[in-house]
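Below: a set of structures, written as structure tokens.
Common to both upcoming complexes is chain A, partnered first by chain B, then by chain C.
And now, the complex of A and B:
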């Protein structure tokens, strides 16, 4: 331990040196203490290795397969298209379309919109044999323009929905609401979609003569010839419980009016409704036309992809257990960093060298936080690609994650470890005994993670509260599954969604650590060493 | 120590030499354990944490009584407190041996009692006795709490569930098994702590061994998950608490406790060997 000056050489009433000098010296002293204990350094490396190793074990235990019959499965996953922004999307619908060359407009009145919901067993492929009448909230029927019917391509659409009124939507994630309510015979709905160069504009009307603009967007790089037509789609609904049920929507359109140049006639197509597509659909799509009236039946969704429907995961999900193991090791080291001093009486020397006890605790906290952060970041940076590789090898679908998310998960792992380490250090300073401090540290910082999904069950309300209010809330920083307001999906803990935002969750953990640190500082000042 | 009287006969010399050593060791360990200020607190804490956890879980349980609601296991629910109470017993077991290493007392102990395995056995006997007492009280408290509180959680006779009662054979097995479970956990931990010798590391390793395999099992899929739950000390041992047949049960009650007994035996054997061959 190196200290710049001994307090004994100074007059008793002037033991306070300049604060920054004392702080630097204390920091250096604590760093030397930490790095000279070989067991702790070995422990830190072990924490990192365990984290990486268990991430691989967990990821390697996940298999995804496509089954074409009983027991006839091959490793792999259904096709999940990516949208123009690189995000995973659903793109399944029934389309009645014709080419549009240059500018043009398509107008139609919605005559009726009805639907059915699958009621058969959840473990069978949905069929129209078992259904009840009912319309999914995000069932969409209307006019859609796209440069290509390839799944995941750019588009703009004006549509009527089951319960969200008229919507102008484009490129899966964007939406502008129009008239609310559903159309009835007394309150009909007209829809219109117009292309002018690269700009697509959606209108609605309740009389077919006065039009109101709902939304407009520019689809960059739109070719001269695009597809424009009527579509119908209807997503999985969760009205009847946690297991989703596939649905189907049927719409009749009247007064179909097309202005613009076209190369060929109308064709009907089912997009993304083949068995290789991931999105569950109900029945086959169909199209019937008589004069200006068209009836379209479709199933699927045009929206961002969410969690279990794609059967996939994220590499950061496999990371969780490794992080918990690393937490246990870090808790043992961090508590020992101060209880060891109490056991050997070294704390008296430490406090004699730096009489500002708060500075001593702060220096220790800074040192342990820095090493724990480093271990967390390095381990995660190694574990995520390894987990990704193992998951991919086993045929699992992995949601595309943005660089921002990857950075958030990596830095988040470091912060979770650092905040837990400081909290454990504070518990060590409060309890002063290794056994009590390690037990308390594990009960406060690790056990909520076990209780949550394990004992209470992921569906239990108590588990949700644990992930909101206990230190386990910080694990929300590892949440990498996409959410969307355009999908009616139970974004619950059981489905892999944390009930609190990433940074808010870290703040909960930080609050526990801050409380422990405040109590530790108070007791350290108040008690004899 | 009345065996000392009478002329020693050749074939009993070995037994007579051993017996005083044995009872002296048990008494010495008892004195050490009894005078450790934390012992009383930890035993009381075990009971309080176990019964308290059961009470909290029972208060937080609201079972829906629909026809498709999953059948609950009131006895297992009442004994949930053991999940947490075992942590305190584990700490007691760690302190039984690691405090001696921390203070250097172990050298005196082993000088006074050179038969090292006898020291370990004496510690095991005392720990077993204390855990038995704490376990009996805790399990009785849990069952009482369950009997009083679970009818309020939708698990009463009105909902088609029997009251938690020891007259029920399966419940008696679960209760006795839970006490045995705590004893076996204490012995398992004693062995690990003797091998590790450091308090903080022992507590960390022991709690990780108890609590992390169930968490890992949640994270992986079958058959790895099944095997993990069959061999992990906590999930296997706690199978003894199950009183209703459930597809989630991976191992039979006594077989599960047997797995834990093997863990404890293996741990104590390893500790005995290490204690003999290592310098104190």
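And now, the complex of A and C:
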């Protein structure tokens, strides 16, 4: 009944290159598939353009002005100094200083440290007319050495604080803690600051005879003549609520001992306390000297700047809406990359060509991740300078961001789009239908971003939770505002600080995508094609 | 070990309440064209999908080139398949469809041009596949199946939507493949399409093989059985023949279809009984008749439209 069979013919070997395995072949096939559908390419360009366009629109909607008198406003912003590292800083204090030529030492005993906190309405300029007694935790009084009293200059200081004990601080962001405990009249503190060439060393003592070194630093390029003197400053405190209240500190120094050469006598100066300076201060600074006692009253801070006080923004904040829009477009394309094959039965041709189903899904994921990453990086690289330009034109203060941060935001945008695209692809493989997959993709990857600040309100605990545990956590990669332990400030979502670290946030997004991909791989293997 | 190019053995598969495959067993040898026929829903496409590793069987095994399809490296170089001709991304050109398939098998780009020429699609290759007629899609699907110059070809309903010229072309093409030693499995729900090209025919219904034979054997089996009788008294003739042990049915047109005995024996029975007759013809059945006879009991949907004359 059967026809006699002839021996099976051996296939001709058509390989011209050495075989690198079916996986790279599948990858190349999926790339050809992607690039040969014009709608997808157009969609990607559209995603990039929308991202850039919305960044410009959002940035262009921000205006900052300085108003004098009744509604007479001009575009511009208060002065925010930059520290030696290029970071935005606060540099406002009362200073009683004299020049020091070459090496030398200044020693002083702190007799008392007291303060007041503004209690008047938040919408008025703080004045000493409405205050209560109280000392801000980061009120600082002590000895400060600086090559220049220009704001943002390098410095080193040894100081007593409201609640952080003795601190040796330098260049705004660095500190070495010393003796803890609060300054009182019954337990006085002696402070000493020494210059030896470019090296500054801080000491403290509780009796004026036995000294302990707290910290030392080298201020590179320190000129021969520097300013050395006593200072007092007291920052905005948030101990009474989210709004913040300006404070003032008063310190009495005794037993001032100066060794070294000087050119002229002591002078009192208020640094960074003029109306054009951004940092809110309470009252005018003052200095009184009677014999060996010097009383200094000051307000302000010498520390990294924080967002709401500086009133500034970053171009990366303007980027967020554009990224959300781009996410939607990328989700549509990424799901279509696989649901289109299910819709038309093409998936069977694909799996007949590459029976290793996991390899097919991995190849698709790599292709869609690569294109989404490219779109994210290119769009952000274009959007940030454009947003920066629009913000600057409208008089906005822009927080300076380091090159590292800019690279992190740009690469982060690529990673957010890529991880979302892979997740959407996985949802497409799970649900097999475009409508369902796009809906699921938007619910999982876009909705938390809209729900977070938009619906729940940035101050809501649920919004903070969303930015920790939902895919929206990855938006922390766009956080360009630095935090500092040297400032007592609510670093909250409402103030523009994300509740999770950049890479941890991306890891949360990656976890969602990995889970979707794992389920997709399992189902792809288990189900009939 | 069987040296068949395709070997299907005891396949069972259930989709919910439907037993799609119920012990499907057959094999296809190299150098032959095997027709795979049966009404819609008989399990042809499911069998082919199991063969290609797309659907998983509940029981049994399906081998191509002596292996599971999924175990083949660059499978399109060993097995070419046309599963669904309409399965194309509409905005991708025919050429680019073949290009990604070539990439997936590490085949040179030149091969794409070769198969486009082979199926006569060069004028349409650079147009979007969404604008193709079903016939052009079938040609593109055959081009895709031929891309790896495979030793085994599996074509599911390649004649669907083809114009007469295209059908003639495919028939010639399949014969030429078999002549060059390829094993060809071609499914159809129309037996007539396979007459003249299939060496072997596997007739299936309700998920199992009803007949597996050469075309001649099938025709002979059915045709030897039937005699057409014309008589002025058909009822009486039928009664006489039935008493003699034959099957006899009177048709609407007054003729009698006799089964179970030869034409010679009909004459021998009727003449002594004095029954008049004007014609006794031994009928040679067409492949289509055989098919109807075989699948009559196996057709799941008796609407009548799926089996066309």
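Here is the rule we go by: the second predicted complex is superposed on the first by the 509 of 529 C-alpha atoms of A that agree within 3 Å, B and C clash if a C-alpha of one lies under 4 Å from a C-alpha of the other, contacts with A are read in each partner's own complex, and residues count from 1 in each chain.
Keep this in mind: a residue touches a chain if its C-beta (ideal position, glycine included) is under 8 Å from a C-beta of that chain, and two chains touch if they have at least 3 such contacts.
Only a predicted model underlies this, so the values are computations on that prediction, with no experimental measurement involved.
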item: Partner chain in contact with A:57 - chain B first, chain C second, else both or neither; value: first
item: Which superposed partner A:462 touches (first chain B, second chain C, both, neither); value: first
item: Contacts of A:36 with chain B and chain C, given as first, second, both or neither; value: second
item: Touched partner set for A:205, first chain B, second chain C, both or neither; value: neither
item: First, second, both or neither for A:25, with chain B first and chain C second; value: second
item: First (chain B), second (chain C), both or neither touched by A:345; value: second
item: Touched partner set for A:405, first chain B, second chain C, both or neither; value: neither
item: Touching partner for A:513 - first (chain B), second (chain C), both, neither; value: neither
item: Doubly contacted chain A residues - partners chain C and chain B; value: 39
item: Chain B-touching residues of chain A, taken from the complex the two chains share; value: 39, 54, 57-58, 61-63, 318, 320-321, 324-325, 328-329, 331-332, 335-336, 339, 343, 433-439, 442-443, 446-447, 449-450, 453-455, 462
item: Chain B - residues contacting chain A, complex; value: 38, 60, 80, 83-84, 87-88, 91, 94-95, 98, 102, 198-201, 203-204, 207-208, 211-212, 214-216, 218-221, 224-225
item: Complex interface listing, chain C residues touching chain A; value: 3-5, 29-32, 49, 52-56, 65-66, 69-78, 81, 83-84, 86-93, 96, 99-101, 103-108, 111, 144, 148-151, 180-183, 199-200, 212-214, 217
item: Chain A residues touching chain C - in the complex, by the definition given at the top; value: 1-12, 14-17, 19, 22, 25-26, 28-33, 36-39, 340-341, 344-346, 348-356, 528-529
